[in-house]
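All chains are identified by letter, namely A, B, C, D and E, in their written order; residue positions are counted from 1 within each chain.
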Amino acid sequence: MSLLQVEGLGISFGGVTAVNDVSFGLETGKIVSVIGPNGAGKTTLFNMISGVYLPKSGRVRLDGEDVTGLRPDLLAVRGMSRTFQNLQIFHEMSVLENVIVGFHMHERGPVLADLFGLPGSRRRARAAAEGARVLLERVGLERAAEREAGALSYGALKRLEIARALAARPRVLLLDEPAAGCNAVETEEIDRLICEVAKTGVAILLVEHDMKLVMRLSDTIVVLDHGEKIAEGDPALVSRDPKVIEAYLGAGTTEALHAHG
Amino acid sequence: LAEIKIGAVVSETGPASSLGDPEAKTIRMMVEELNAKGGIKGEKAKLVLYDDGGDPSKAKTFATRLVEDDGVVAMVGGTTTGTSLAILAVAEESKVPFISLAGAIEIIDPVKPFTFKTPHTDRMACQKIFDDMKARGLTKIGLISGTDGFGASMRAQCIAVAKTSGIEIVADETYGPKDADMTPQLTNIRNKSGIQAVLNTGFGQGPATITRNYAQLGITLPLYQSHGVASNAFIELSGAKNAEGVRLPGTALLVGELLDPKDPQKNVVLAYKANFEKAAGGAPVSTFGGYAHDAMRILTEALNKAPSAKPAAIRDAIEGTTGLVGTTGTYNYSKTDHLGLDLSAFRMLEISNGGWKLVK
Amino acid sequence: MSDLLQFLVSGVTVGAVYALVALGFTIIYNASDVVNFAQGEFVMLGGMISVAGVAAGLPLPLAALIAIALTAAIGVALNTFAIEPARGAPVVSLIIITIGASIFIRGVTQIVLDKGTHRLPSFSGDDPIHVLGATVLPQSLWVVAGAVAIFVALWLFFTRTLTGRAVLATSNNRLAAQLVGINTRFVMTLSFALSAAIGALAGVLITPILPTSFEIGISLALKGFAAAMLGGMGNPKGALAGGLLLGLMEALTAGYISSHYKDAVAFFVILAVLFAFPRGLYGSNPVERV
Amino acid sequence: MLTVEGLRSRYGRIEVLHGVDLFVGSGEIVTVVGANGAGKTTLLRCLSGVQPVSGGTITFRGEALTQVPAYRRVARGLAQSPEGRQIFTNLSVEENLRLGAFVFADERVERDMADAFAMFPILKEKRNQLAGGLSGGQQQMLAIARALMGRPACLLLDEPSMGLAPILVAQIFEVVKGLKALDVTVLLVEQNAFGALSVADRGYVMETGRVTMVGPAAELIADPRVREAYLGI
Amino acid sequence: MRLSPKQSTLLVLAVLMIASPFFFPSNYYYRVGSLVFVNSIAVVGIVILTGYAGQISLGHAGFLGIGGYACALLPAHFGLPPALAVVAGAALSGAIAYVVGRPILKLKGYYLAVATLGFGVLVSMVLANEGWLTGGPDGIKVPDPGLRALLEQVGIELTNPQFWYAFCGLVLFIGAWLALNLRESPTGRALRALHGSEVAARTAGIDVAKAKLNAFVISAVYASVAGSLLALQNRLITPDVAGFMHSIELVTMAVLGGAGSVLGGIFGAALLTLLPQVLTVLQDYEHVVLGLVMMLVMIFLPAGLIPSARRLLRGRGE
């Protein structure tokens, strides 16, 4: 049984089906990428898995347990964490605090302890802050720790989100276009980061349009088009699938990929 | 030359401003008059007046300020019962005499050493109205009241008084002080079988709306209003045609010209009316300005009589007030009576041809 | 039956008053997401300035026109001198500015005009019209007609004109609005002018029914705000529906249940509606993808 | 066409552009590349007038632009597809496009819209839907299309390829090339430096608020420093 | 030694509280001071709810009313000592906030504002209409808690205003301390996070509904305690305290001072409490100037008194 199992997920908006009957599985320490043209339903799929949307049909299983439609915070407690394509930053908090919030599940305690500033509460807060600094360093934002998050550039915010998601110490990590807004060199850093994380046993589900990144990282690729799964398999297989080339990659890209890869 | 400081806290603005505004104007005017006439025993009176906006907590703060900071020897004010109760607590604690301008009986019952008041109680107003109703053979009535302090307090009093005076209240409705339309309530009152008259307790614009809606619905039963609307402004807002025949208990103030020349109040009333209208730029006099007038008269006289301008001495002098003719009535304070008025001070008025008429 | 009709008449009259105030909120809200707490003062100014004009011997229509123009100018001044300089401030700060403005306007009115309560003469007399045993004052018809006319005008403005769209675009994304060439400053000026003018017109229409004084604005703003939220803030349809519904609820409660708790019932219904429709009856549900 | 001299800009007290000089000739495609936080977006915001300039000058078609308010710049021929897309989420796709042509309410709007729909058929499909419901990439298309509706003489594109599928990335660069034929000048900020430099005539490299390199695109592509720092080769 | 922001805030507060009386020319200033403290207590609650969590309440005066009336009614009807009535009122307010907050806090922005406004209106309406229980619109007397007498027995003699100044000051100090603890704590951070983005807060494992409810209940308790203290020192309570205008005033105080800052909230409360006292000399112009000051503060210090002032100071430092 996979760690994360998606079975026949589907949803529609105002009668238009956005995702239809999509199934796949994700194992510990593996990286599965979801690719597909714009509007194929990748983000929507993420939203259903992470509890932001309630699927119309299908099941999401975590560790074999049915977690379909569970609230995001409850899923987070069970080890699911994610980043967002449309950045969701706590703009008025500092960069460091943004990451500390990611630690929430590990630092929270009774409200009254927090109100009265009991030693336990302060200790947890301190531990979270230390952990957050380490993570900021990993995404290269340690120098910006005290800045107001709203003042960061787009690419920096993207990396901040990754740090925050990692802070939750997830078992399943959903990354929605983590490299968008980063140049080739910055993308390589993210590439390395994702690899390291996967090595620690985290299952990663990745949506990304940067094919180089996808091809290099993925154990398995799931291809969506118009909400349907049109292909699934290892990178080499998928990138040669004519359906995928036609719907998504375009002839030129495939050549370029193979030229460099 | 020393000054005698007099304090005042009134609701010049806020929900009770239609009461408090003429009070403030009157108080200012009378202090000026007093000083123009040479003050008190040669000393100028200085007025310190604060606007509490109708908020009892503010009233309490301002009363504290008057006593502790401004060092006044006496206070008038307390436009509403709520603010009066707040001020009297300060007055009693710091032993500074206070003449309240609000209606509720609890202000002076039980008697508190330093607190007096000039208006009739609303209980007396109910009594007066019910007496008039009975004289006309009206015993089944509908009651409609504003939800503000004035309306609610008088409603409670009238319900209590009705029990003992043979009046049966068959409808009991309320309205918000700023409501735009009261026809549903009046429709329900009209539909009560056997109903013979309607009484509205309230002040400000609500009663005017009631009066207009009453005419709109074509209700022909006698309509009584409270002393809260005893002012020409009420006729104006209601429209003279709509207000025709409305009765209410009022003071001599509105009918000064109609009073018997022998009436002791006649001169007092006419003088105040003339002065006020001049000072207030033509604004019509109201019962409430009259209360303030009487309070200031009582205070002035006490200041003149008192051996010293010490609060305690002034208090004693106020308590000794007898036979003082004011616009509201003739005041006779005593150790056991800090109201000093009886029912005879109220006059039943009727609106007729856009003016006032005394009901004999 | 005639009772019910009378209650309905009362409800529609009062409801139209609320709707007029609620409609005034829509434009400024649509341009800036700010609920302008000084909207009630615009209504008050419309009434008070007309009253002063009539007292000074002007014919009512002229006095009303002056009142509307003056109030619109005051609206523009409010934007220019208080809202625009605080651009970029959080919305709550802007709301507090409008609260400050409402206190300020009230204070000035009390000094420049007076503290009295005044009524304007009814436009077409005070003789009630009898319909199936119920009575209607002609002025009520004026108020209802005014509310409907303003509603139609606003609805057309927002759905049919490019300027109306520009207003919506400005509040939705001010940066993008500038990037496509919308003069957002002008949009704000226009919104304040229109809102104030609508408020003043409302004031002129209702003063024969609901006497005005410098302090009347707050309670009107409160009810108008509640009505606008009931219907869904920003949508003229919501303002009209919310206003009428609120008025009808009050009248029917006063008529059939208890006048003591008519406002309470009205708020209960508002709460109930919001639980079912968290954005009011016609409020738009913004789609924000994550 | 567009000349920027000594441009400085700040957020609050922190200066992020320290005197940027830049020149875009008529009909040219010029690209700006640089790391996260270099100030590329800030530069474009200054050009569109939505970011205060604290020093330096901007000259556009021979006229000083620095004092011109943002909303007048569209009419003068400067349109931008901004970072983060900044679409009107509460308005429909079609209304978004119409507002793109806000300053020219004439018949040509319909034609331009048809062109935009031809370029991005998905937008036509979703024309009556609220723009907020679009997918990330679809919103990016809308932002580009909306900027084109402004009939720019000079188009400012802030990372137009972000979030687009590879097929579309290629298409976007084709579109940019195509604009040249229509005599539209393009200033292109891109993280996809390789793609951008491939279509551009010239390029600038920005680092922490300054221009550190400038030259013909082909030269920059070949420059070892650029290759190492931005192309990852 | 460098002070943390929390310590420096508390230090400033303590110094102001203790030093001010040395400048008081008369007893009356104690009264004003204690009013500032009472308002501040309620406003600190608003700071938690609105400043931290970004939830607007236009009905918080309702909880003031509940706290205040608890001190009048519980002693009268159940013989509870007034001091205990404060606690009972706070518990009641917290419980009501818990029940009401559950459905209401699902609403957002202005819709939440109007729902809370409705709650406040309902409370003040019950207080005004149920005269048999509450004394009606004119209010009801509140018994003396007898704390001053207690102090006298141990040899501390204070005038009434002095006593309330000290007592309310102490309560405010504790309230501020708690709020400051909360701010940098996991719970407080969760509140500020959901203010920024609810979805992101959720995916970080924050139970948003519960966090909001926590903030609502805590702020209701603050308001309730403030209401109780107001009632006890006035010895009288009227439905006005629960009124809509009062709710608006509390929010205004919080925003003027700087919604997210405890010290800001206290300064906002002080400004709006003191200003009307100062402006009385202007008589008719009082409201004009009050409105003007509010507008000017927000125009020139848009983030509120304290945060904007901090920003300005920091700017000079660089």
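Here is the rule we go by: a contact is a pair of C-beta atoms (placed from the backbone, for glycine too) under 8 Å apart; a residue touches a chain by one contact, two chains touch by 3 or more.
Heads up on the chains, UniProt names are C = Branched-chain amino acid ABC transporter permease; D = ABC transporter ATP-binding protein.
Since the structure is predicted, the reported quantities are computational estimates derived from the model, not experimental observations.
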**Asked** For chain A and chain B, what is the smallest step count along a path of chains that touch one another?
**Response** 2
**Message:** From the C-alpha centres, identify the chain that is farthest from chain D.
**Reply:** B
**Asked** Comparing C-D against A-C, which pair counts more contacting C-beta pairs?
**Response** C-D
**Asked** Quick one: which chain's Cα centre is the longest way from chain C's?
**Response** A
**Fill in**
Averaging C-alpha coordinates per chain, one finds the centres of chain B and chain D separated by a number of Å equal to 74
**Message:** Just the number, please: Cα centre separation of chain C and chain E in whole Å.
**Reply:** 31
**Request:** With chain centres taken as the means of their Cα atoms, state the distance from chain D to chain E in Å.
**Result:** 49
**Item:** Chain centre separation in whole Å, for chain E relative to chain B (CA means)
**Value:** 36
**Prompt:** Which chain B residues sit where two or more other chains touch them?
**Reply:** 13, 147, 174
**Message:** Touching at least two other chains at once: which residues of chain E meet that condition?
**Reply:** 129, 199, 286-287
**Prompt:** Do you know which chain C residues sit against two or more other chains?
**Reply:** 110, 260, 263, 288-290
**Interfacial residue positions of chain A with respect to chain E in the complex** = 50-52, 71-73, 75-77, 80-82, 84, 88-93, 97, 100-102, 104-105, 107-109, 111, 114-117, 121-122, 124-125, 128, 164-165, 167-168
**Asked** Which chain B residues qualify as touching chain C in the complex?
**Response** 12-15, 17-18, 21, 147, 173-176, 178-181, 183-185, 187-188, 191, 204-205, 208-209, 212, 215-218, 233, 236-237, 239, 241-242, 283
**Complete:** As the complex stands, chain E meets chain A at residues 177-178, 181-182, 184-190, 192-193, 195-197, 199-208, 214, 218, 260
**Prompt:** Considering the complex alone, what residue numbers of chain B touch chain E?
**Reply:** 13, 50-51, 54-58, 60-62, 64-65, 67-69, 80-82, 85-86, 89, 93, 104, 147-149, 152-153, 156, 174
**Complete:** Residue positions on chain E within touch of chain B in the complex are 25-29, 31-32, 35, 128-129, 131, 136-139, 141, 160-161, 230, 234-236, 238, 240-241, 276-277, 280, 286-287
